[in-house]
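Provided herewith is a single structure, encoded as C-alpha cells, for subsequent inquiry.
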Amino acid sequence: MKWLRTNKGTTLFWIVAAFLFLLPFVYESRNLMILLTQIFIFSVFAMSYDLLLGFTGIVSFGHAMFFGIGAYSIGIFMKRFEPTMLNFLLALLATLALTALVSFLVGLLTLRLKSHFYAMLTLSLSGLFLVAAEKWRSLTHGNDGFTFRVPEQFIDRTDYYLICLLIIAAVFMMLKRFTNSPLGRVLQAIRENEQRTESLGFHVLHYKIAASIVSGVLAGIAGILYAMSLRFVNTSVFSMDITLDALLMTIIGGVGTLYGAMIGAGLIEFAHDWLTGLAKEHWIFERWIIFFGIIYILVVMFFPKGIVGTLRTITWKRKKQQAVKKKEKLAG
Amino acid sequence: MSELLQLKDIETHIGQYHILQGVSLEVKRGEVTVLLGRNGAGKTTTLRTIMGFTPASKGSVIFKGESIHTLAPYTIANKGIGFVPEDQGIFSGLTVEENMKVAMQKENTETLKRMDWILELFPDLKKFWKKPGGLLSGGQKQMLAIARAYINENELLLIDEPSKGLAPIVVEKVMESITQMKEQRTIVLVEQNFMMASTIGDRYYIIDDGQTVSHGTMQELKENEEKKRKYLGIA
Amino acid sequence: MDLFLNLALNGLATGMLIFLLAAGLTLIFGLMDVLNFAHGGLFAWGAYSGLWIYGKTGSFLIGIAGAILTGFLLGIITEKWIIKPVYGNHVQQILITLGLMLVLSEMLKVIWGPNQITATPPDYLKGSWELGGVIIIKYRVFIILAGLLIYTCVQFLLKKTKIGLVVRAGVMNKEMVQALGINIQKVFMFVFMIGAGMAALGGVLLGPYSGVIHAGMGMEFAILAFIVVVIGGMGNFSGSILAAILVGLSGSFMAYYVPDLSLAVNMLLMAVVLIIRPQGLFGAKG
C-alpha cells in the first residue's frame, strides 16, 4: 500500500496501460487503434526528447533526423531485401548504429559550447538530412517516398497496436530507471547548474553526450515504428514539423516528467485527428498547428513546467495548506 | 539634511544565497565613506545593491531624500550616482575617447569643463586618447573608469577597490586623484588597503558576514587596535 | 570566364541576401545573448508583405519600404512581448523563438494561403546588360548593391553615431552601459528592430530573385544564416558579411559543379569552424 501511495504516477501509468491493453478485445475500432498506435509511437519520440530537454537541459532542434534515420533504415531494408524478421533486426541494428554515431558526433562538436550551438547545429544538420533524402533518389525515391512491406508478425493492426503498447511501456520503465539512476541524477544536476556539476568533478561533456546518444537511439526506434505503421516513408520524416511535434508535446505536456511527454503526445495527436476532421467545416482548421504554436508560446512564458508540472505544483501546494490547517486545528 | 545616501536594514539575495543580512549606513555630503571588511563580507554587493544590479529584497535605499531601491540601474545612475566597478568595466574594444563619449550624457560647456579638469588630472588618458581601452595598463584603466563616473554631474561616486592589483606607485596616483575629487564629490569607497582607506577616508563602516557591525570616524578606527584586529586582521 | 563571372555574381547576390538575415542575428546575439530562431520568419514576412504591397501599388520601392516597415514592427513586437518576458533564461528564449517561428510561418499561410507565390522584378530591373560578351543579370547587381549599401549604413551607424557607440559598448559590457545611465532596454529594442528590418528587406529582395516565395523559405535561409553566424563569429557584424559572401560563393559554385553537395559543404565548413575556432573565423566579437 505504501508503495502505491509513493508511486502514484507509476501506478496510474500501469492502470492506463492495462486498460489500453484490454481495449482492442472489447472495443473494435480500426481508426481508434491506428490513432492510439500513432500516439504510442509519438510518446516514445517525445519521451526521448524529454530526456534531452527536460532532464539534461539540452535544446535540440533537429530531433527529426534521428526519427528519419530510423524510418528510412527500416524502409530501405524492407524494400531492398525480403521483409523478414532477420532483415528487420538488421534494420534495427543499422538504426542503432547510425543514430548513436550521429548523436555522438553532434554532441562532441557542440555540447561543450553554449546551448545555442547545439540547437543550431542540430537544426542545420537535420536540414542536411532532409536535403540528402530529397537528392539521393536512387535510395529514397526523393520527395515521393516509397511503400514497403513489413514482416508478417507486424501486419495485423491489433498485434501492432499491442507491440507498440509494449514498447512504450518498456521505454517508459527504462527511462524512469535511467533518470533515477546515479547517471540520471548527474544529468539533472547539469540541468540545474552546469558549472557546479563540473566543479564537483563530473565530466559534464561525457554525461551530456551519453544523454544525447540514448535520446537519439530512442528517437530512431520511434522512427522505425512510425514508418512500419504506415508501411511508407518519404522525406517528411526529416522535416522540421517532426521536431516541432516533439517540442510541442514535451513542452505543453510538461518537461522533465516523462508523463508530460506522453500526455502531450496524446493531446496533440488527438487534436490533430479531430481538427483536421473539422477542416471540412472551415479551412482555418487546416492550420490547426497554429493554435498549438500559440499555446506553446504561452506555456513557455507562463507555465514553463507544462501541464504535469503545473498540476504537481498545485497539488503540492494544496497538501502543504492542508498540513498547515491540520496543525492549526491541533493547536486550536 | 547632511545625509546624501542612506541604507536602512538592507537585505539582498543573489539566487538562493542571502548575501546582505542587514546593512545600514549613512553617507554624509562631501565626505569619503569607506566600507571595510573581509573578502566576501558583502562590500561589493552593497555597492551593487545601491546601483540596483542586485536589488534589495528588504530595507530601503534613500538618495537625496528619495527611495531608489525599486528603480532600474540606469534610472539610479541618472539620479546622480557614478559607479566604478571592481573590474573597472572598461569597454575594451572602444577607444578612450569612445569610452568617455558613451559616458557623457550631455555635451555642454559644463561637461567640457569637467573633461578638461579630468584630463589634467589624468594626463595618460589624453596620451592614449585614440587607443582601445583594452590596451591600457591596470592603473590607466582605473583612471578611465573614474573619469567616466566623474564626467556627468554625479553627486555621489561609488568606487570599488580602486587599488586592487595595482603597483604601489600607481596606487598613490589613484589615491591622489580621489583626494582631489573629494572636494567636489561625495564618495563611497570599498577598500582593502587600510593605509589608503585611512588616509583618504573620513568615516568608516565595517561589514562582516553581510551586516554592518561597526562604524565611526576614521580617526577613531585608527586608534582602536582591537577593532582593527577583530574585523580587519591588522595588528 | 563568362561562366565564372556569372557564378561569382550569383554567389555574391545570394551571399548578400544571407548577410541581410545573418547581420541581424549576429547583432542581436552579440548585444542581447539571444539567438533568435524566429529570424527566418521575419525574413519570410518581409517577402510576403513586401511583394503584396508591390502587387497592390505597382511600385517595387514602396514594396521594399513596406517590407522594412513590417520588419520593424514585427521586431518591436517580438522583442517586447516574446523575448523580454523570458530575458535571461537561455533555454526558454531558444524555445520561445522557435515557437514564434512556427506561428509566424503558419500565419503567412493563413493570410496568403499555403501555396507559393510568384514574383518578378520591376521592368527597370528586368533583363541583363552585355559587357564585352559577358551577360550580367541586372537584378543580381541590384541585390549586391543593396546589400553593400545596407552594410555601409549599418557600419556608419555603429561607428559614427552615439547609439551605435552604445550598442558596441553594450556588446562588451551590458552592465556598465546601464551604470552610465543608459536604458539598455531601449537599445535592445532598437537593435532588434534594425535586425528584423534587415531580415525583412532580405526576404523581399529574394522574391523576384528566386521567382517564387513560400512560407518555408524562412527556415531554409535561416539555416544558411546560422552557418554564416557561426563562421563569421557570433556577435561579429563585419565577420558576418565576409562569411555570408563565402557561403554564398561556395553555394553558387558547388551548385553548378556538384549540386547535391552544396549544403553539405557549407555544413562541413561550419563543423570545422566549430572544432577549431568556435569564436568564428574573423576575429573577436564587436
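Letters A, B and C mark the chains in the order given here, with residues in each chain numbered from 1 onward.
Following the convention adopted for this analysis, a residue touches a chain if its C-beta (ideal position, glycine included) is under 8 Å from a C-beta of that chain, and two chains touch if they have at least 3 such contacts.
Note that the structure is a prediction, hence the values are computed from the model and not measured.
*Asks:* Graph of touching chains, which shape: line, ring, star, complete, other?
*Replies:* Graph shape, chains as nodes and touching pairs as edges: a line.
*Asks:* Report the chain ID whose CA centroid sits closest to the centroid of the full protein CA set.
*Replies:* C
*Asks:* Suppose each chain is reduced to the average of its Cα coordinates; what separation in Å results between subunit A and subunit B?
*Replies:* Their C-alpha centroids are separated by 53 Å.
*Asks:* Which integer distance in Å separates the CA centroid of subunit A from that of subunit C?
*Replies:* The computed centroid separation for subunit A versus subunit C comes out at 33 Å.
*Asks:* Just the number, please: Cα centre separation of subunit B and subunit C in whole Å.
*Replies:* The answer is 43 Å.
*Asks:* Give the list of subunit B residues in touch with subunit C in this complex.
*Replies:* Going by the criterion above, the answer is residues 51, 53, 72-74, 77-78, 83, 85, 89-94, 98-99, 101-103, 105, 148, 152.
*Asks:* Can you list the residues on subunit A that touch subunit C in the complex?
*Replies:* Per the touch definition, subunit A meets subunit C at residues 53, 57, 59, 61, 109-110, 113-117, 119-121, 123-125, 127-128, 131-132, 135-136, 240, 244, 247, 251, 284, 286-287, 289-290, 293-294, 296-297, 300-301, 304.
*Asks:* Within the complex, which stretch of subunit C touches subunit B?
*Replies:* Its residues touching subunit B are 162, 165-166, 168-169, 171-173, 175-184, 284, 286.
*Asks:* Okay, in this complex, where on subunit C does subunit A touch?
*Replies:* Touch residues, subunit C against subunit A: 29, 35, 37, 82, 85-86, 90-92, 94-96, 98-100, 102-103, 106-107, 109-110, 114, 219-220, 223, 226-227, 229-230, 234, 260, 263-264, 267, 270-271, 274-275, 278.
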